[in-house]
Amino acid sequence: MNLHEYQARHILKTAGIPVPDGDVASSPAEVEAIARRLGKGVVVKAQVHTGGRGKAGGVKLAKDPAEAQSVAGRILGMQIKGLTVHKVLVAPAADIASESYAGIIVDRSSQRPVVMVSPAGGVDIEEVVAKTPEKIFRHAIDPRFGLLPHQAMGLALKLYPGVEQARKAADILQRLYQVMLSTGASLVEINPLITTLDGGVEALDAKIVVDDNELDRRPEIAALRDASDEADSERRAREANLTFIKLEGDVACCVNGAGLAMATMDLVKFYGGQPANFLDIGGSSNPQKVVDALSIITADPNVKSILFNIFGGITRCDDVANGIVTATKQLKFSLPIVIRLTGTNEKEAMEILTANGFNAGTDMDEAVKQAVALAKQAA
Amino acid sequence: MNLHEYQARHILKTAGIPVPDGDVASSPAEVEAIARRLGKGVVVKAQVHTGGRGKAGGVKLAKDPAEAQSVAGRILGMQIKGLTVHKVLVAPAADIASESYAGIIVDRSSQRPVVMVSPAGGVDIEEVVAKTPEKIFRHAIDPRFGLLPHQAMGLALKLYPGVEQARKAADILQRLYQVMLSTGASLVEINPLITTLDGGVEALDAKIVVDDNELDRRPEIAALRDASDEADSERRAREANLTFIKLEGDVACCVNGAGLAMATMDLVKFYGGQPANFLDIGGSSNPQKVVDALSIITADPNVKSILFNIFGGITRCDDVANGIVTATKQLKFSLPIVIRLTGTNEKEAMEILTANGFNAGTDMDEAVKQAVALAKQAA
Amino acid sequence: MSIFVTRDTRLVVQGITGRDGSFHAKQMMEYGTRVAAGVTPGKGGQRFEGKVPIYDTVADAVRETGANTSVIYVPARFAPDAIFEAADAGLKLIVCITEGVPVLDMTRVLPFVREKGARLIGPNCPGAISPGRAKVGIIPGSICKQGSVGVVSRSGTLTYEIIHHLTHADMGQSTCVGIGGDPLIGTNFIDCLAAFEEDSGTRAVVIIGEIGGTDEQDAATFVKEKMKKPVVGFIAGQTAPPGRRMGHAGAIISGSSGTAAEKMAAFEAAGISVMKRPADVVPLLKKRL
Amino acid sequence: MSIFVTRDTRLVVQGITGRDGSFHAKQMMEYGTRVAAGVTPGKGGQRFEGKVPIYDTVADAVRETGANTSVIYVPARFAPDAIFEAADAGLKLIVCITEGVPVLDMTRVLPFVREKGARLIGPNCPGAISPGRAKVGIIPGSICKQGSVGVVSRSGTLTYEIIHHLTHADMGQSTCVGIGGDPLIGTNFIDCLAAFEEDSGTRAVVIIGEIGGTDEQDAATFVKEKMKKPVVGFIAGQTAPPGRRMGHAGAIISGSSGTAAEKMAAFEAAGISVMKRPADVVPLLKKRL
């Protein structure tokens, strides 16, 4: 789960990391009031979960409260990469002496949280990694001992040769690791980490990505979710405990298991079709999940055919069959359905489906080919 | 540094460990008020840094506020092992179903914090260790991973076969370790850890000994020091950064280095004398330290002779000599002084002392013998 | 004749009285696995299905029954401690089925397990099965057949799909291992490939990867440099969009890295025959054997 | 010819620009110790006494100078991290002079040092000196003399007292090690006794213990079971009252355990000649050589 910049800033500030003043607003009038309180030039930044806000016109400077209000009027409500801007952050325009990068990610190969710093801040860090890797400095944290002071200092000295600023940056890195632990984040990032003209070191922009698996035990973090920033279908899927990702094609896929779901999408493509979604109904076999899944799939007007691909293990095929029967009765859609079922209780499932007028097979390739053909017919 | 029971209780409570209600008081009237608020039979417990309070009459039950007041009148001001009772804890008389022991100490051999639990609680745990060691269960905490839930549960199941109470005790053990870390303690102890008649698990009495080396970085803990509970000479020594322990003999010892100080005391005994104190003036050689040391030593009416034993390393002998000269001028005492100095700047020291009318030697045995003889003459 | 899970496996089931634990404990027993003990705190002294003794702690279970392997079905919030406990009790193989373990917990669990000299498979995995000998986890025994093909996979049902093809073509399996779909796991492809290369009962290996990370690329290097046995591979997620987590916490393309295309290219370059679709496993393996 | 500290010692001084660090760095240089580098964050690039290069980090110092040993003079609140840093930089011998390090910090420092394969001496110790070769720490070089008696002690000035007697009797020392007076230390008596037993330059050993803990008892067992060289011992604190910390954090008699009497008895039982007073070291050693 991504946090908004204003949420991440607040968390960093609470953890003792210097963050410039500022506040979040959802109307131009609020923006005007905040700008007036800050009492100098401000920056108004769209709060949406996507990169490239600046290029899209979602970040603007304003020299006074009136300009801030008018700028906010243009940003609020705008669309950035398909997401509507509902909130803006208003912060003082900073006196920036230098821009660096500081972040911690959980790294797969070292299996540790890895701190990365770079004096090349304020730009996309992946670009720095790709183009000037010598400007990236890394340290893999041993979680048994934490980020030790000298380790943080060693990194900080790569950013600032002056020991005073390095000490401040080292302190920020140690606190950033504490933020990672206390929020259950898989990524915490300050970009840019700036030095101010008076020698301070501050987090100008912050990003926190929380590990979804942490949300159950961190209700205070889970409460920060901004549902307005999710596609409607994905929100519904999340609430129904389904893993759903909308794609651009027309063959809807309803599969149990993430790997098989991806392989099914790939096979749709292989046979000349385009998958409309990724959808994993998971391991358990509650028929209601099938109903929820079909309801979400059929809400997409692009969908031309529906493909079920179920390999029964923990999932019982008869439960899925019952779900299909129930859903088609409840939802009253007219899209063609192709069903492939095999594994646990395959025979019972076939009987249920046949009794209700469905055809079903046991071969994945055949089913995919058929679903692709049906989508093409309908197009 | 020892914390008082009422201070330790408060820390445990703040850390989420169930502790019975109660409050601290320093007058019978306050005790009466607390007992009235608690609204049932109470126990009034002397808050002094020593064991055996109960036997000494420092712990009494009272059935109502009036009795609590009268009991408190007897306990407050009483002497227990030479310490005056200035404060009492007033707590509800507990409905105890069982008494266990739970403690964590930093163990020298495993070099780890070791949790100890025993179903034989409410008594001196050293006695349990000595007499029924099979009733003690230990776990050495790996500080890189902390006290893991299953480890705490494994110990808790040794106290309580019922899983509900064991879960409560396991939770208490984990919190107790957090208390150890957050207070910088070398010992945290709940004795007794009780079960109540309604199935609760509570810390009835608590003890925390803080590592003196932690106090600099934990001012909130250092502020809990109760100077009224220290011998006056020891408080003054502590404030002067001297390590001083008063003993019962008459040969005062003023030594640099703890090991040499002990060896000097031992040699006093070896030659038939009795040391009046342990005193380490430490490694640095500020003459003021010598003045402070002599001032503390000479305040003890038992002292009959003063022995300096200095092996100059970091400590410079001339600094000590200057200190002796200054102090004897300032303090105007008439006790005989025997001085042994050797090592760094020994020659300069001898010159200073001779010029000021002192004799000094370089041999430890000779000096000790002389100091013992002088004390005997004066007795 | 098989890796990790053998006839000598003596299993303790952590969470044996839970919904998933009890269901799969029965399945494993029916398959012939020696289920030596179960663990549920507070149920020590009872018996599961009237047969398997239940203990309060894994340490008790190990001491009393000599179990050497653990399988974990406890809820996610208890899973890290369950792994710690199994390793603490001296078990040398720990299979964690549980899904949803926070990755920061795994950063502490993994070094602990290694220090104790244990092997962890998972979390968020279907476990392992050595057909005809024993199964530890949830892979349906009915789709497997004893034989000499080793299977290792980051997936669950996709693995079943491929095993299904193998079994139908009469190509039995030595051991099938699901290593799990999380970004931080105890046993990776290379661990399994090395074990299969050593195992006299394995003649060829099927490796099933997916988008995200670089484990497949590392596996390819290992195959090229260290393996003599033929390897056939599949990568799921060719059509996955970047930046989205495809169900598995580990299945995410970051920037331009971790794509199916680069993994398939790495496989090809290492001499691994790459399937275009799951059904290709049979003809490709036949060609290599 | 000596243990731990030798002619090959190339030293980095952590806290070289501090009050204690600079004083003792000079003393060590004057004694002939090869002081290769100093470390003070923010003073990297400067030189100490116009000669010794100063670095911001120990890692820099090691990379640039090939130092193999560190000595730490930083204030107590920085000392644990200084030890971590030295071990992290790959130094194999770390001598921590600093007094006042919290014992809970040491519970984390010690396993770290061990994992890195380093030896820590101290904290709260006077360090080690191999007379005529090098000194690392604060033991005054002037009281020592090169020879073949090994000295190991928990104390500082008491050690000087005993070295003083040895030197006056013309009994030179191979190495004198002060292991420190704290309850948790990196190198204990047994480590030193074992090294002295191995060292061809050491003919006899003097061990100086004190009240508190059971290290002396363990040392006695080691002497009895593993040592051929003669050992002479002293225990300070026969007159110490129980329950009071006698200066050293580790010097405290708990209940009836850790007393001087039980330690002296353990020494006697192990064949260690026990001094009644420091001056006895010379006649006792003469008897055993």
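First chain written, first letter: the chains are A, B, C and D, and each begins at residue 1.
One rule holds for everything that comes next: a residue touches a chain if its C-beta (ideal position, glycine included) is under 8 Å from a C-beta of that chain, and two chains touch if they have at least 3 such contacts.
Nothing here was measured: the structure is a model prediction, and the numbers come from that model.
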- prompt: If you walk touching chains, what's the least steps from subunit C to subunit D?
  reply: 2
Message: Need the most distant chain from subunit C, centre defined as the mean of C-alpha atoms.
response: B
Centre-of-Cα separation between subunit D and subunit A, whole angstrom: 55
Statement: In whole angstrom, the CA-centroid distance of subunit A from subunit C equals 28
Message: Where in subunit C do residues touch two or more of the other chains?
response: 108
Statement: So subunit B residues touching two or more other chains come to 144-145
- prompt: Touch graph of the chains shown: is it line, ring, star, complete or other?
  reply: other
Message: Please list each pair of chains that are touching.
response: A-B, A-C, A-D, B-C, B-D
- request: Give every residue of subunit B touching subunit A within the complex, in rising order.
  value: 144-145
Field: subunit D-touching residues of subunit A, taken from the complex the two chains share
entry: 145, 148-151, 153-154, 157, 162-164, 166-167
Task: Could you pull out which subunit C residues touch subunit A in their complex?
output: 76-77, 99-104, 106-108, 110-111, 126, 138-140, 143, 153-161, 164, 181, 183-184, 208, 210-211, 213-215, 218, 234, 236-241, 244-251, 254-255, 260, 276-279
Query: Where on subunit B does subunit D make contact in their complex?
result: 106, 108-109, 111-113, 126, 142-144, 180-181, 184, 186, 211-214, 216-217, 243, 245, 247, 255-263, 265-270, 275, 278, 280, 283, 311-315, 342-344, 364-365
Partner subunit A, residues of subunit D touching it in the complex: 41-42, 56-59, 81-82, 84-85, 88, 108, 112
